[in-house]
Amino acid sequence: DIAQLDLGRATRRGYPEAIFCQGKTVDQVARIATVLVGQPQVALFTRVREEQVTALLEVLPDAAYDAEARLVAWPPVPPEPTGGPVLVLAAGTSDLPVAREALLTTRYLGRQADLVVDVGVAGLHRILAQVPRLRTAKAIVVAAGMDGALPSVVAGLVAAPVIAVPTSVGYGAAFEGLAALLTMLNACAPGVAVVNIDNGYGAGHLAAQIAAP
Amino acid sequence: DIAQLDLGRATRRGYPEAIFCQGKTVDQVARIATVLVGQPQVALFTRVREEQVTALLEVLPDAAYDAEARLVAWPPVPPEPTGGPVLVLAAGTSDLPVAREALLTTRYLGRQADLVVDVGVAGLHRILAQVPRLRTAKAIVVAAGMDGALPSVVAGLVAAPVIAVPTSVGYGAAFEGLAALLTMLNACAPGVAVVNIDNGYGAGHLAAQIAAP
Amino acid sequence: DIAQLDLGRATRRGYPEAIFCQGKTVDQVARIATVLVGQPQVALFTRVREEQVTALLEVLPDAAYDAEARLVAWPPVPPEPTGGPVLVLAAGTSDLPVAREALLTTRYLGRQADLVVDVGVAGLHRILAQVPRLRTAKAIVVAAGMDGALPSVVAGLVAAPVIAVPTSVGYGAAFEGLAALLTMLNACAPGVAVVNIDNGYGAGHLAAQIAAP
Amino acid sequence: DIAQLDLGRATRRGYPEAIFCQGKTVDQVARIATVLVGQPQVALFTRVREEQVTALLEVLPDAAYDAEARLVAWPPVPPEPTGGPVLVLAAGTSDLPVAREALLTTRYLGRQADLVVDVGVAGLHRILAQVPRLRTAKAIVVAAGMDGALPSVVAGLVAAPVIAVPTSVGYGAAFEGLAALLTMLNACAPGVAVVNIDNGYGAGHLAAQIAAP
Amino acid sequence: DIAQLDLGRATRRGYPEAIFCQGKTVDQVARIATVLVGQPQVALFTRVREEQVTALLEVLPDAAYDAEARLVAWPPVPPEPTGGPVLVLAAGTSDLPVAREALLTTRYLGRQADLVVDVGVAGLHRILAQVPRLRTAKAIVVAAGMDGALPSVVAGLVAAPVIAVPTSVGYGAAFEGLAALLTMLNACAPGVAVVNIDNGYGAGHLAAQIAAP
Amino acid sequence: DIAQLDLGRATRRGYPEAIFCQGKTVDQVARIATVLVGQPQVALFTRVREEQVTALLEVLPDAAYDAEARLVAWPPVPPEPTGGPVLVLAAGTSDLPVAREALLTTRYLGRQADLVVDVGVAGLHRILAQVPRLRTAKAIVVAAGMDGALPSVVAGLVAAPVIAVPTSVGYGAAFEGLAALLTMLNACAPGVAVVNIDNGYGAGHLAAQIAAP
Amino acid sequence: DIAQLDLGRATRRGYPEAIFCQGKTVDQVARIATVLVGQPQVALFTRVREEQVTALLEVLPDAAYDAEARLVAWPPVPPEPTGGPVLVLAAGTSDLPVAREALLTTRYLGRQADLVVDVGVAGLHRILAQVPRLRTAKAIVVAAGMDGALPSVVAGLVAAPVIAVPTSVGYGAAFEGLAALLTMLNACAPGVAVVNIDNGYGAGHLAAQIAAP
Amino acid sequence: DIAQLDLGRATRRGYPEAIFCQGKTVDQVARIATVLVGQPQVALFTRVREEQVTALLEVLPDAAYDAEARLVAWPPVPPEPTGGPVLVLAAGTSDLPVAREALLTTRYLGRQADLVVDVGVAGLHRILAQVPRLRTAKAIVVAAGMDGALPSVVAGLVAAPVIAVPTSVGYGAAFEGLAALLTMLNACAPGVAVVNIDNGYGAGHLAAQIAAP
């Protein structure tokens, strides 16, 4: 009566439903977890609050919890990876929570994925040093706040699609990530796919799809 | 002196530079075309105006021009397609110019691509009738204006990534495509990659990358 | 001196005034309740805070309080329903508070009303399974956040008016419900009437009017 | 290939599809009209341009054209009205095009409808003089630009739902109808259903649904 | 070193400087009060926080504090009124804090002023009952949130200027008072002067100037 | 049938109705003029287009037309002024159309009014040279675009109310007058009353009311 | 009477007044030119329209006109340069009009200035090839539209201040230069000074000030 | 792994990297400080929270902390100043935190800098009294909230560039500093360079660059 889980999603489209925990009560999240217990598919709980985690771990005691990514996953070990490699970039240290949410989502949806941190365009040598590695990826996620300029630079250097995640890092005219979002939508290099502000989950999901076998 | 064409782009990242003709003079476009004449790579001129087309056809007499997509391509015949199939959907008849820009871009960048028109969610049976076909595509482009609701529906039905292009079709609170853009960024189904309003070129480019061999 | 209750509203237009409790002090709400004690009409207190509820229950001890809908109603039992049936849909679990505010408002204003939860467009089979039931309603309220796409889909399936309530569920470019609001204003199906973000009260009131005998 | 008309709409939901002509070429509109020729249902072409009208009248020679409402309807005579009466109000003379689009839509969808012009709140006696007439309507459409204040006032006086259409009348901070739109969404009187800026078609459609037998 | 009080303001333009306390530390406010102690002019401290009040009352023990208006005034008794009468209207109970800030400012700047509460347009008889009284005022302040429709109605009824103060009362598309602000800037009746959202001080100051002898 | 002129407005509130000509057809304006012919009161037609002027001068041959202010007035000679003097300032030459609309409105509504041009804050000596003259006015209208800074400076120098009219002069982040509008709403000096962007009529009307005898 | 030229500006602050021609009539511009004829200082007319140029060249026959920059300058030859060198970068060919306005302004205000075109970040090797030259400049102007990412990259490479001019090049979510403006205000590299969208004049003026002797 | 400090920045472009502490954990900031311990360059930690300061002082015990500016600097004593003098103006007392962040940044980056407080345009004599001093500066930083009008006035009086920092001081239509930002971008005086809202760090950095020897 409070939810109709879309349990057929994995069969229908290859990737299971994730539970968006922001805006749900502790009790609602726990009841949803109970339904998922008996299911074969991976369960991801995104944007979890501390008190929801406690309740989830009572229902799914061996679930994995990543505090920085605010993600609970069950079963705790990601599946054996298939498909091509994914690379996740964080422009600055402050973009790490979003980047990690993407990283873990990609892994739990079945891809091999790595993370590179603090390669913003203010010190260009840092991203240039990564070019060979960038060219090995089948999909690249770039999380960036403030000016959101990194995806334009990366997309100009590689053949793989760049999934750009604007983050709410910044202040003033960053407008909670709006500035970075607009930058990315207007990337002067083609090959930039944009998702919602702070949507590490969505970026990781897209990366898993693009790098699928 | 007026341009430094990025001629190494095809080598560096697999897809050639396209010329954004809006905001350029007829003379500038013609001079750029002259430089491209001797090049081996595909040349795409996007958002061309009628008077630019005339000038382009003087420099590249056998170039292909699609008036609805506002696109000039040279050489006129797309390369033999490789990779997987791409499907382009137009939610309504008015979304055709953007959808065709995506369709042709995908083809000139080397993929096989088809178009399906007028399958908006107001008459849901139309998109439901396409489900088997949707599931054969490696990437799906969805152009939609007004409420921009079609990508959410499609992404819930397929495993392939959906590239959502908001169009400026509509009036009033459509705010020239902003409403559709926000809808797509907030798609309740994961797997939706968003590009700029009316950016059929960018959508087609991403589709070609995702469906690459 | 702090309020001039519009006590003639029920006589003048058939539905009593509701007290908007957000932005009022506990003391003000209690004083208003005191005036209403002697009145024959239904009293609804919307958007109540916990400390206001305590004060209200001192003045109106048998009032009904619904914590999820943040609504206090007196007398506690809704009137015997007249007119046609109303259906309230919540696109996701997180839309429940707004959906319940609509549901209860409709009932206290004299209509029979039911609730269906978690039928968002990401799993289309859920709403398709409800089509026969949707077609029995005289008015349908749809509460949806994020992309706000559900009302367009529902309005394309039924003859009754759809009252769309955007909710503030979501984050980033959801802009506290603005994205869903714009989607609904631009619904590609006609027959969608929009109310303010999170305005379950207003939606329920309209449903009661439309389904009136 | 350019359109898949939703011809089942009248059967499925009681009201036929309308053709949104803005953003369509003359040729596209004409081809759509050709398909509709053999159909039993009412055909409405909204937001038509002069050159589209010429083409339409070649295909449907006896179609009715209202220049102010920018509407073409066929067959030219509305059906015999059923259901309750509808009243359309225009706050000022400049709101007439939108008000007439609502008026004619309502009539072609089968209701009896009347129009009252220039009853804005700056001269309150004008709307007060209409109160008895307002109370006879089953649904009231109010078209207003600038401050958009008229729906709040009307909704406070009647039991029937008020369908508020913000118009783009005004300048400066009217922001092409945004000011009026926000006013209406925040109406301090309940019972106000809002549609898109300048959407007389949508308002008239909702009025026809609400006043249906 | 932290402030250069504009002590000549009363001489130069007839009304003394007021101290805007939001964004100042307790210590800064206290030091400013100390400078004002020896001055002949009225001192107004606006938007005070509780802890600032405590500090102010140590420096100016007999100052008057109005908690609802968040205003501290010294000397505590307003001057003997001159000029014409001012009327302050609050559309709803929730607009009282802003309305009282205007009321008290007007009085401390030397005018006679009265307050009328809860006369919003949803129950039009309430403002109509005040018309004779409205016509006696030299300036009328109207504080209103949500749709902000009251100033348009009042300005259509009287010869005196109406000073409209949008309040942040409301939610959702009220956008913290933006909706009411736009309504008032687009008032369909002339004679409406607008000040910033929640700026009761500015409204009261203007009323005092307009009603000056 | 196209208008219900509020002919009682002069009696009811001291100032006659003005006809807003933008958004009206030539025929509608002419018909309204015909009704006004027999009336004793001043008639102002604002925001007139050239073709409307031609039609108006046929109905009211001796009407006065000011092309810069886009204003037609009848009878052509303003009434003998009463009340106090009004001063209208244009920050730059480009603000002249709006400033003149205010100037003429004030004169036709019965006040004595003068104009001072090009006294923007970039060359501060120009406004400082006007201080004695500024202090003789009962109301000051300030029209300014771009940064809209002049009203803040003027209000800090005088006792009379300043009516600030933002103009759409500027480009880019001037956002058609929005920047100037926000500046004026946030004037750091009290005593600034704001009207809509480019609303010279409204500013002149307020000035006439404030400077009334 | 239509203008009070700020002729003392060159003396007072070292740089003469420029005439903003947008929004002025041909006649007004000509009259202003007449006043400037006898003056010793440089006169710049910005944002001129073709018909204004004709009138200007009648008053100042040997004035220099640059059609791309929409600038008229008199005397036609810039002064002998003093101070340090300035470099102006245009990210793309479409940014040339704004870049040239900056270039010429800097030269007419007395600095040596050069232009480099089409060095956007999509082909990073182009800007990297300029690093030695970038490091010789005392001030660098960067004109960029779409994502506006170039200033962040340049500022990370040099010690001199970067003056960033967002241009209105782009479409859709570029929002006429707003996207680029926000990018630049949020540059992740310090040392970026921002001016208004398309404000080549202001950028050139700042460059001249910064590179002054 | 959490950061790649851009330690070459001082060598490459003359000014060291600053650590943006907002959005970083206490642990992350401490680890970054540890890396900086052995470095020769100045380290600035901006927007520090109290708990970050405690951790920083454990790693760098003699670092200087300014609570108002929310800045930690190490080594604690700024370098001996070179280049020209910088002047920092705060329009009001509430702008002090931003002004001090600029002041200290400028000093730690090697310039001599002074602060002048509370010289807003509402009391114009205060800034006029500073004109001789203003004219001695090589660069002037102006921090202002609300209307943000001070930079326009200052830039009209001096030859040096004005760096304008909008602050989030104000309420309502100040929109957290947006109003002041737009004012400054549209300054009617040239010579105004704008940085992000509340970005005292960026303003101070630019001032140091402009006043460099």
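So that you can tell them apart, the chains are marked A, B, C, D, E, F, G and H in the order they are listed, and the count of residues begins at 1 in each.
One rule holds for everything that comes next: a residue touches a chain if its C-beta (ideal position, glycine included) is under 8 Å from a C-beta of that chain, and two chains touch if they have at least 3 such contacts.
This is a predicted model, so every value here is computed, not measured.
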item: Shortest path length from chain B to chain F (each step joins two touching chains); value: 2
item: Comparison of D-E and B-D (more C-beta pairs in contact); value: D-E
item: B-D, D-F or G-H - pair sharing over half of the E-F contact pairs; value: G-H
item: Cα-centroid distance, chain D relative to chain H, in whole angstrom; value: 56
item: Distance between the centres, which are taken as Cα means, of chain H and chain E, whole angstrom; value: 35
item: Where chain F touches two or more other chains at once, by residue number; value: 9, 92, 122-123, 155-157, 172-174, 178, 181, 185-186, 196
item: Chains grouped in pairs wherever the two touch, ordered by label; value: A-B, A-C, A-G, A-H, B-C, B-D, B-G, C-D, C-E, D-E, D-F, E-F, E-H, F-G, F-H, G-H
item: Residues of chain C defined as touching chain B within the complex; value: 91-92, 120-124, 128, 146-149, 152-153, 155-157, 170, 172-175, 178-180, 182-189
item: Parts of chain D lying in touch with chain F, wherever the complex brings them together; value: 92-94, 96, 117-119, 122-123, 125-126, 145, 169, 171-174
item: In the complex with chain A, residue positions of chain H that touch it; value: 1-6, 8-9, 17, 20, 22-24, 28, 32, 47, 166, 168, 176-178, 181, 196-199
item: Interface residues, chain C side, partner chain D - complex; value: 9, 12-15, 18, 155-161, 163, 181, 185-186, 190-197, 201-202, 205-206, 209-210, 212
